[in-house]
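Structure first, commentary second.
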Amino acid sequence: GGGGGTSGGGALTLGFAQVGAESGWRTANTKSIQESAKAAGIELKFSDAQQKQENQIAAIRSYIQQKVKVIAFSPVVESGWDTVLKEAKTANIPVILTDRAVDSADKTLYKTFLGSDFVAEGKKAGEWLAKEFGSATGDVSIVELQGTTGSAPANDRKKGFADVIASNPKFKVVASQTGEFTRAKGKEVMEAFLKSQPKIDVLYAHNDDMALGAIEAIEAAGKVPGKDIKIVSVDGVRDALQALADGKINHVVECNPLLGPQLMDLVKKVAAGEQVPPRIETTETEFDQAAAKAALPQRQY
Amino acid sequence: MSHIRKEFPGVVALDDVSFRMFPGEVHALMGENGAGKSTLIKVLTGVYGVDAGTIELDGSPVAFNGPGEAQRSGVSTVYQEVNLCPNLSVAENICLGKEPRRRGRIDWRETRRRAAALLARLDVEVDVSAELSSCSIAVQQLVAIARALDVDARVLVLDEPTSSLDAGEVEQLLNVFRSLRDQGMAILFVSHFIEQVFAVADRMTVLRNGKLIGEYRTEEITPVDLVTRMIGKELAALEDIEDAGHSRSDVAGATVFLEAGDVGRKGGVAPFSLDIRAGEVVGLAGLLGSGRTELARLLFGADHADSGSVRIDGEPVSLKTPRTGLDHRIAFCSENRKTEGLVEELTVRENIVLALQASRGWARPVPRRRQDEIAERYIKALDIRPANAEAKVGDLSGGNQQKVLLARWLITEPRLLILDEPTRGIDIGAKTEIQRLVTRLSGEGMAVVFVSAELEEVLRLSHRVVVLRDRAVVAVLDNESLTADRVMATMAEGVAR
Amino acid sequence: MTEHRLFWPVVALLALLLGDLIVHPAFFAIEFRDGHLYGNLIDILKNGAPLILIAIGMTLVVATRGIDLSVGAVVAISGALACLHISGLGDQNSVGGALAAVGMALGLALVLGLWNGWLVAVLGIQPIIATLILMVAGRGIAQLITGGQIITVNSGPYEWIGSGFTFGLPSAILIALAVFAIAAVLVRRSALGLLVESVGGNPEAGRLAGLRSTRLIWLTYVFCALCAGIAGLMISANVHSADGNNAGQFIELDAILAVVIGGTQLTGGRFSLTGSVIGALLIQTLTTTVYALGIAPQAIMLFKAVVVLAVCLLQSPVFRRKLARRRKAAPPSPAVQPEKVEAGV
Amino acid sequence: MTTLDRIKGYRPRQRHLPILATMVMLIGAYLYGASSYTAFGSGQVVLDLFINNAFLLVVAVGMTFVILTGGIDLSVGSVVALSTVVSADLLQNQGWPVLAVIPAVLAIGAALGFGMGVLIQVFEIQPFIATLIGMFFARGLCYTISTQAYSIDDPTVASLAQTQIPLGGELHISIGVVVALVVVAVAAYVLYGTRFGRTVYAIGGNPKSALLMGLNVGRTRISVYTLSGFCSALGGLLLVLYKSSGDPLNGVGLELTAIAAVVIGGTLLTGGSGYVLGTVLGIMVLGIIQTLITFDGTLNSWWTSIITGALLFAFIVLQRLVGRRVT
């Protein structure tokens, strides 16, 4: 053994197992973590699991082998972490969850969770809708572009939204289909919706990319996005804020990827053995047109 | 079997054919290429279902579900073409499906022993743990026969088992037949060699164009009668080619086309030197595995020689790939039509023009009309049946496939034509035609290298005979009153006499 | 006529469309809107164009007994490079800039095809892993080009490739048809088709017949990559952006499926470009049908399984024979079919 | 004769070359890792390769049988997912005991495999499509059972999952590894020493000939797909042990990983040639590439993909060169 690029010295090493690089949002998330680790003088061991839980587990095991000081990861899914987390606990390595929680019954397996609440995001979208169409008479026909079938953000954002609009029977989801979180699929599905649905008032997209794809479909159908069909989506990437500023999207619920600085703070505290709160939610806002215009110049991703 | 009918799309392969076999008899099934012999065998063993008719075994009707079931009922079959698994060892191919087992597990040592014993019965000595694909086609054919001998069969069926075998092996095989017959086995075999049939068969059935012509006891019929019945007309004299006795002096004045100097390949043939003149027919003679095929392949560039040099028209050339051979207008017709020759999925026409097309390059396609013309011409010349240029080659009978392969190389109008067992599985009518063709082409100045398991055929056609033994050239004999006996002796002893 | 090998795929395609018509009468509605045709059928053509292109390229690769898993990655790379170039232009709407972007992207696709072909034809690596290398690395390359972000462009000339209309028809399908026509002419009017089929049908026989199989196989991979490159341009132009991670995900599976439905065997040999185009249209129709009929996302897979199964059974002569027999001899169950020699060779 | 001479004189059989070459490459990669990264040299890294890939190994063993016959099975990833989802559903929602769930899941996997085998053998549908249908079908079933992943908190599962079998020192393996190794051993035995196994090779060599040789091609082919379905289900159960959860998104793309492992292990995709041991090595190759990258820990996402591809390339090309050199 011996040689470069490893722990051992005085530096604080953090093993971070990322989900993958499936979207611009995720890339921004990764970048934020890498940059703030450098800024905080923390040595970062980074791995990309390419959306596979097995790979993440393998990476965490290898961090245990390498005896890093702290392990952090964004779980691909919520369940199925007990075994490996127990191994980490046995090896006395504290674990921090980011972005997504795990559903372990044993809460001592990780120190804290830092991230957003997808259900709450869905709720925010629903609440905006309820407000926007509060005075509308007659039915409001909604089409929904879901994320990848079976994925946590898709499930939760659907659920949060549905919970809110269920309270008012005039809101009707007339069509709901997966757009797999991509622009191309979002456009393709929206094209089909526009032909099969006689009346669409609102589009709810589980992420910005699908909404951006759908806008093109709406324009190609000769309608005006943001007017003929109101659009609400989640994430807040720059292209979406631009569209919001241009009036093509009506509302964006933010899901903040820039967890880096907060995470590094936590890592230092946890490594020093300090107490940290069990759940920390990232600061997230919502954007309307004015907010989008204001935020655009600084938007990195 | 009675009143069997079998149709393929567009072809009636068997039409109201009845056929019977008796225990303790060797029965020969005779007919031209495409007469329906192989189909009859496949129907008998349940590879194909029948469209009409019945099959009885020991008086009770049977309908085998496939070769496996036939085997279990005591009908053991060697189909035409080698139907073995090239990726498995010789021993496994012989014992596959009936391997000796000990405590539920295959006993490999016993498997090898048994395979070696069966091969020994045919007088074959090969390394039974070698992969089958490393064996020549003749050895593969023997392996297939050995496999069929393995079961306690009551009926043994062999479709052209002797097509690539030399005289010695054939004799050995016929002996085996005789002894099995004397043990009460019923043997059915197909062969295009009239002498073999008369040497061993007790009874023969003749098919023509899918119809039954008749069943005869060997005593009742003469070879000429038999052939007449097979082809449906009097056989034109075979003799006129034999008369055309060749001699080296006929081509003495011709220019040398190809000169091989110390060409050899490790594990193939030992370095040899040979010059071939335009218009000359060079026969290769040797026993099974003596290296004839290897030598022929080196001359074409199918394998890359690792020593020596080749000159064509006096210019040194490097024959690295078949392509370079083709570029120098050399043609090589492989002995193994199934794996090295034909593209079964393609049509007769496409297979025929393939080499010509390859030599012209992709950008200059042979015009469709010309393709049709060529196909028509050779279908007629070689009597390919069915006479349909758009038939899938895989659906043709074995002999007709061989003719297609031959046609492919003839149309390239090569300067040197290498024929490795070109008459394998071809009926006598077509064989005569091919021999005539070779004589004519060489008369027109084409050099020919001719390999055949049939020594007579080699002697009949060649100006010179190259004798190989143990993968080395041992003698080059001028065909001046050369006799089969003399060549045989050279093959066996390794020195020219 | 039922003997023709494209008969059953076409029947399947028509049956699917008929099903759409019955369940959803407006499915066939086509209008003239903003100077171009508009309707579900037009969407099928437009959105199916990239798949058609890739299926055409894949057909030739499959005919040589190969397979190309890297087409999805090539799609991503070509789109990424083109968008990167355009996004750096001062005037994104310049035709020259768009042409340069297209040229660069296709040039890179060509190089990638050369790479695949080199691994397969020269080094003799089994096609599935040879192309797996680029499949894995290619996604990374695409993301390297885009920096992991989605690059959005606003270039009229570039968008024409993916979402533009010419003579009222989507330009994407016109491009795909042009490529199809060129490929078909090239393959059937020259001897290429015959040579490819020979190399795929029996490689050793092809070699001994003097075919330059190395070059030929190499060529098919280059052509396939080029097709994938053009498809990548279409996909990215359609949404005015390049997504290094998601563009062309799993498209290799769809393309192979299209090829196989079109009657080309994965074991190589005989191929049919028209069959592949029909196969691709069938798959795209299926996708559009799913959206138009409002099938729940969690049921899509089951729906696809059932439809593809039905298509394949329809194409299977054994199944048709059994069905016919059952219908003829109603009550007694059909006897066991003797095993056929042709089975699965 | 000195030992060196004897080693020099050793000429491995042609068909063992890919395996030997792969083994050489693996050892090389391990030595490189051990000299570059601390803790890489500890034996546990190797054992972790097995622990992390036990389920994949079982799946790949089934795939090996299929590929040896010249077929392909694209459904494995979905069948794995289905097995985890069904297990989770039966354990959590239906309250079945573990001992009843295991046979039920295995039976479902085998039945799916059998169905695909029938499509391929009886209806002569190409394996690629037949198993693609199976892939869609099994994944579709997953979603109809649940679109969400859920945890299994059955105490038996938990204790099985967390059992570590000590091997002395700091080293340990999991129950899954034991199961996988048993499967490998049984598969190797079946392929080498039984008629069924030899028929598998024969079909891969030439299916037409195999039929004419009187082998039971039909039954063997159907059995092979059934076996692959069974192995996938077993792999799914091991995944349940590994993660204590069921997830409809499990095993997306797993079929490609399994096929790649089999082919890297020297098995010909056209069938008829290859060994289970090769498959084990193939999995090790993929595993060690991933481990090297994780230990390095400085690559961002796209460089991870690129370097994975590059390492795969290096392995495959060197494997060929080493293989040629030895002859």
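We just call them A, B, C and D in the order they show up, numbering each chain from 1.
The rule is short, and it goes like this: contacts are C-beta pairs under 8 Å (C-beta built on N, C-alpha and C of every residue); 3 or more make two chains touch, one makes a residue touch a chain.
Here the structure is a predicted model, which is why all the values come from computation and not from measurement.
K.L.:
Quick check: more C-beta contact pairs in B-C or B-D?
P.N.:
When B-D is set beside B-C, the one with more contacts is B-C.
K.L.:
Farthest chain from chain A, comparing Cα centres?
P.N.:
B
K.L.:
For chain B versus chain D, what separation do you get between their C-alpha means, in angstrom?
P.N.:
44
K.L.:
Could you give the separation in Å between the centres of chain A and chain B, each centre being the mean of its C-alpha atoms?
P.N.:
71
K.L.:
What is the distance, in whole Å, between the centres of chain A and chain D, each centre taken as the mean of its C-alpha atoms?
P.N.:
Averaging C-alpha atoms per chain gives centres 33 Å apart.
K.L.:
By residue number and range, which residues of chain D touch two or more other chains?
P.N.:
143, 147, 208, 211-212, 300-302, 304-305
K.L.:
At least two partner chains per residue is the criterion; list those residues in chain C.
P.N.:
In chain C, residues 143, 148, 297-298, 300, 339, 341 touch at least two other chains, as defined above.
K.L.:
Using the touch rule from the top of the page, what residues of chain B touch 2 or more other chains?
P.N.:
Only 47, 66 qualify.
K.L.:
If you go through all the chains, which pairs of them touch?
P.N.:
A-C, A-D, B-C, B-D, C-D
K.L.:
Over in the complex, which chain A residues touch chain D? Could you list them?
P.N.:
The contact residues of chain A facing chain D are 1-8, 15, 18, 20-21, 27, 30, 34, 44-48, 50-55, 57-59, 61-63, 65-67, 77-83, 86, 103-105, 148-152, 155.
K.L.:
Using the touch definition from the top, list the residues of chain D that touch chain B in their complex.
P.N.:
Contact set of chain D toward chain B: 14-15, 189, 192-195, 198-199, 201-202, 204-206, 208-216, 272-273.
K.L.:
Over in the complex, which chain C residues touch chain A? Could you list them?
P.N.:
My answer: residues 24, 26-27, 29, 33-34, 38-40, 43, 47, 143, 147-150, 152, 163, 235, 238-241, 243, 245-247, 287-288, 290-294, 296-298, 300.
K.L.:
Using the touch definition from the top, list the residues of chain B that touch chain C in their complex.
P.N.:
42, 46-49, 63, 65-66, 302, 321-323, 325-327, 332, 334, 339-346, 350, 353-355, 357-366, 408
K.L.:
Within their complex, state which residues of chain D touch chain A.
P.N.:
34-42, 44-45, 48, 51-52, 56, 142-143, 147-151, 153, 158, 161-162, 239, 242-250, 252-253, 287, 290-291, 293-302, 304-305
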